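When the chains are written out, they are named A, B and C in that same order, and each has its own residue count from 1.
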Amino acid sequence: MGEIEESVSAVEAVTLNALERTAMDSESPWRSSLQQLRRNRAAMIALGVLLFMVVVTLLAPLYAHDIAHDNPFASNLQGRIKIGNHYRSVMQANTQGLGLGVTPIGPTWDFSKYFLGADELGRDVFARMLYGGRVTLLIGFSSGLICIVVATVLGMLAGYFGRATDWIISRLLDIVWAFPIYLLAISLSVILVTSGLDLGIIHIGAGSLLLPILIIASVYVPYVARPVRGIVFSLKEREFIQAAIASGASDWHILRKEILPNVAPSVIVFFPLMVALNILTESALSILGIGVQPPQASWGTIINDGLQLLYTRPWVAIGPGVCIVITCVALNILGDGVRDAFDPRAKLRGSI
Amino acid sequence: MSRLKSMKRWGVILSSLAVCSFGIIAVSASSPAGASSGYQSKHAGGTLHLDATAAGGTLDPQVNYTLQYWQLYQATYDGLVSFQKVGGDPSFDVVPDLATAMPKVTNSGKTYTFTLRKGIKFSNGKAVTVADVLGTFQRLFKVSNPNAGSWYNDIVGGPACVTTPATCTLKGGVVVNAATNSVVFNLIAPDAEFLDQLAVPFGSILPANTPPKDQGDTPIPGTGAYAFTSYNPNSALIMKRNPYFKVWSAAAQPQGYPNEIEMTFGLPVESEVTAVENGQADWIFDPIPADRLSEISTKYASQVHVHTLTADWYAPMNVNIAPFNNLKARQAVNYALNKNSLVSLYGGKELAVPTCTILPPAFPGYLQYCAYNSNSSSTYAGPDIAKAKALVKASGTLGDKVAVVAQNDPVDESVGEYIEGVLNQIGYKASLKPLSQNIEFNYIQNTNNKVQISVTQWFQDYPAASDFLKVLLNCSGFHKGSDNSINISGLCDKAIDTQEATAETLELTNPTAANKLWGQIDKTIMTTEAPWVPLFNPKLVDFVGKRVGNYQFSLQFYMYVDQLWVK
Amino acid sequence: MLRFIAKRLASAILVMFTISVLVFLIFFATPGVNPASRIAGRTASPAVLRQVSKEFGLNRPLPIRYGLMMYHLFIKQDLTSYVNIGDRIIPQITAAAPITLSLIFGAVVIWLLVGISGGVIAAKNKGKFVDPLVMFFGIAAISIPVYWLGEMVSLVTQGGLHNSIFAWVPNGGYVSLTQNPWQWALHLFFPWLTLASLYAGIYARVLRGELINNMNEDYIRTARAKGLSERRILYRHALRCSLISIVSLFGLDVGVLVGGAALLTEVVFGLQGVGWLTYQGLQNLDLPLIMGCVMYGAFFVVLASAAVDVIYAYIDPRIRVVA
């Protein structure tokens, strides 16, 4: 996960160039941007792939119930399935040599039963992968959304008010940036997994998905907030903002009516990339056992389960890994398209 | 005994060294006659390479409580007595080591008189004297030995040493006489397990001038055939021949074979297995990952040794909070879990044996019975879900929320997930709380955390029934609000405590009757209280290099590292 | 300028201080991690537990414990582990640093070579099929979870093919450069590739974007008007300007990687660098080791970003206001 986290930091330097960006014209830029995006074939194919992923994972219960006829969340250690004319155990005890070890059944390449084989508890990996995709995508999208909203608010406040507000927010971002997320995640997961967390109105139940979502969202706030802050800084110098300030408009009004519309395109550009990044982060956290908690599964946790079977049943780890790669490639291509359409001069460092 | 602390990479079957009971699945090529059957000098020499993913902590034998180093201490340190260094059953027997003979026990079991052997030297060249023996036992308290307050405080002067270690003298407790070379221990009360407690590495005799502080990564001179020469927990631990060692009793401290033994740390366990397959390493400490088991048990069968351990995997239930403060609820879980499935999670029936008892098979006091079974047999047959459901209903706990706490390494977590599924099946609303392996064990002990049911393991310290029954299920092991409350289910029953005390006293005079009583206590606890679900007894897989010969297994400390041939 | 540097350093120190306090507090707020229980051993009686607490100063108030830990880490530099008792933290980190540096060194060489040539090739061939092809590889490279890639590499090189075409691949671990340069490179070859793939993808993409933007700039048009060859314009002018942003990016990346951010690559391949050490500390919940590694890593993160800020402020004085 460090390999993801660290590479992001450079964005600050790169996006300093965004200072040079011109403010969006007041004529409706959205429609033309969307039109341009629609004309981008690669981006549309990527969008199609993403939608396909979403639909397929949403159909997971249907698949498990009507096609595979199994419960991918219940262990099946004594079960047997029929392949061709033979019955075979889902968990196959080694009968050769010293007879050590129990190996789950491998891929049957038959959608009606254990397409990708079983995991260490005898559960259908393919069905779990579909369910896991829901969790992964949910985490990716919602943490991406939370991250961007929080980062935009912080970046705008820091950039607009400057001085002490800016100083405090900037240092906060520095801290989040250099903070070891693993430690935070481990500690929070102990506290939350065991007892849940009560924050007045918000109650995060033990094992709730909100936990990984919030952790992942918070990690990348500086990544988005810093460029936003830079853009707002430069915007503030522009005539139309100065004019608004001079006319006595309230800060709230200026932020909402003048600044936000001009920041929005840059922020939107970040979104697909943040989702990809968050999906990668989720899988990295899962491998350290601090992401999604069982019985929930995500692609990351299924890979993690699969690593203990890597030498005998590699498909348990390969399957969800390939899903992650496909989804992130699609998100990145879509992200490039969104950038070209909304803010072609935005200098994001690649997808990360 | 402390379970091994190893860096757990993903993909490791966690856990589990411990002692074996002989012969149930002896794949081992060794004969139990083993170590004492004459030294074969043609096999001496070479360097033995051992691999471990992580170091085992402090090297101080009076502090370290890991199986990883207890195994190595066998070749480097000696107590006044020690477990006999032979393969198989007799390795549970205590023999004189630095003492000339077994002690004279007088004063109705309260006084032990030893005579120290003459002419033995530490690896720094200094002779071993009775002053060293006294210093060793004072130091035991000064370094806050884990069992200073639970084992060694029955030496006269011990309780004072526990409260103020700095001024510990053990006056009247350990009396030495340099002229006669005698060492006398006076106990507050008779203790049938005192010799066992002297024979484990905590009782290793160290130089009297060893600083009274945990020596950490600084090797302390010892009397064994080897001496630690360097230790860096991030790279390697190296043992070389002790230049001052001469065999005085092959049963207590035999001559070793390799000239040098080194344990290197840091490789991922998969790489370790490959290293042994390729002949780059001679043995790995860590459990073999699940996905390599079938490979090594077919292609490398001649290099694999499997032994049953005197250890338990068990699921303690908290008898003080709902729903498991209800006996019927606890019995229901005992009926419901399919131990054959659990065995399959651990690697199959060649790697673990389902159990219904607290004491492991072939352990002193073991009584075969199975209170919760699908039939009336005394060996485990299968679950009885119908009975379990009925009991849950009868207990009035149907629909209660239950959280299963388990470690988040692969096997523990799978076991936790399985238990969670079964609890849901019999009518609870179960959830799983997986915790980091370094937190879980202390977390489940603390009553403040209100843990209802958890998954954990226990490995013996020495072969005595009390090491399971009294340590784990006695009021003395129950401390509210503490992370160190080893009686995890919180069962505190005065009647059981009394029976345990009776059995301990009986051990002094009539060990056979005592063991019979321990077996009865085991059965009573399980039938009338059912504070645990005993899951299975794990087995240990040793995977050694092709060139390695003379594999010998001790029930107490496992494979004798120093007896392996690499030539 | 000096004032700017001083201010930047002061806030860097403040950030590190806050992080250390947070790490400390989070550690002691986590249930079940009380180091005394684990140091004392699994059967320790309450009296022994009290002794251990006292000996390790764990019965003292939190601020004093924090102060002592910082004193031992930074002033006396003799902070020792809670798990491997007596094992000093600082020598551990200094012993691990060369391994991390070796890993990063080779990865840097590969990612710069591949990333820069990829970016140039794509920009040069904009509009032809080569550009999207190169960029697709770039996108694929940044879409793969690094640890998963590492595990797949191990599966391929250590699994079924280990006895045939990959017999030359060493079985994890590290050999120092001074001990055997050939083995050093051999052991690090696949870790280098794994770590470099992500960055090669990033750099190729960034460079391509920069090049294409720069090729539209006025000074390039001027150069074209002067009749310079496209080749010369690309390499001598556009590439040069584009590399400036790559350099700042590079500074930050290397800073963070040296600080131990290649954790998963190190763990997957069994390289005992700083990331591996951090991982060990977290696995064992060994606060002194975690604290040492976090401070070491934060130092490089903060230093790198401060350095980049200062350099930029030097190049472009307007930024001093912003930063």
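Convention: contacts are C-beta pairs under 8 Å (C-beta built on N, C-alpha and C of every residue); 3 or more make two chains touch, one makes a residue touch a chain.
The shown structure was predicted, so the numbers you read here are calculated from the model rather than taken from an experiment.
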Point to revise | Pairwise touch network: line, ring, star, complete, or other | key: complete
Practice item. Going by C-alpha centroids, which chain is farthest from subunit B? Tell me that one. Key: A
Practice item. Just give me the whole-number Å value for how far the CA centre of subunit A lies from that of subunit C. Key: 21
Practice item. Would you mind pulling out the distance in Å between where the CA atoms of subunit A average out and where those of subunit B do? Key: 44
Point to revise | Cα-centroid distance, subunit B relative to subunit C, in whole angstrom | key: 40
Practice item. Quick one: which residues in subunit A touch 2 or more of the other chains? Key: 186, 190, 194, 287, 307, 310-311
Study note, to complete from the structure: Flagged in subunit C as touching 2+ other chains are 30-33, 154, 285
Check your understanding: Multi-chain contacts in subunit B: which residues touch at least two other chains?
Key -> 270, 435-436, 439, 443, 449
Revision key, fill the gap. As the complex stands, subunit A meets subunit B at residues 73-75, 77-78, 91, 93-94, 96-103, 120-121, 186, 190, 193-194, 206-207, 287, 289, 293-295, 304-305, 307-313
Study note, to complete from the structure: Touching subunit A in the complex, subunit B uses residues 10-13, 27, 270, 288-299, 301, 304, 306, 338, 340-341, 344-345, 347-351, 403, 405, 408, 410, 413-414, 416-418, 420-421, 431-436, 439, 443, 449, 541
Practice item. Please name which positions on subunit C make contact with subunit B in the complex. Key: 30-34, 37-38, 40-49, 51-52, 55, 80-81, 83-87, 92, 95-96, 154, 158, 162, 171-173, 267-270, 272, 276-277, 280, 283-285
Revision key, fill the gap. The residues of subunit C that touch subunit A in their complex are 11-12, 14-16, 18-19, 22-23, 26-27, 29-33, 132, 136, 138-140, 142-148, 151-152, 154-155, 159, 195, 198-199, 201-206, 209-210, 213, 245, 248-250, 252-253, 256-257, 259-265, 275, 278-279, 282, 285, 290, 293-294, 297-298, 301-302, 304-305, 308, 312, 318-319, 321-322
Review point. Can you list the subunit B residues touching subunit C in their complex?
Key: 1-3, 5, 7-9, 54-55, 57-58, 60, 63, 65, 144-150, 153, 162-163, 165, 214-218, 232-235, 266-268, 270-271, 274-275, 278, 280, 435-443, 446, 448-449, 471, 477, 479, 482-484, 486
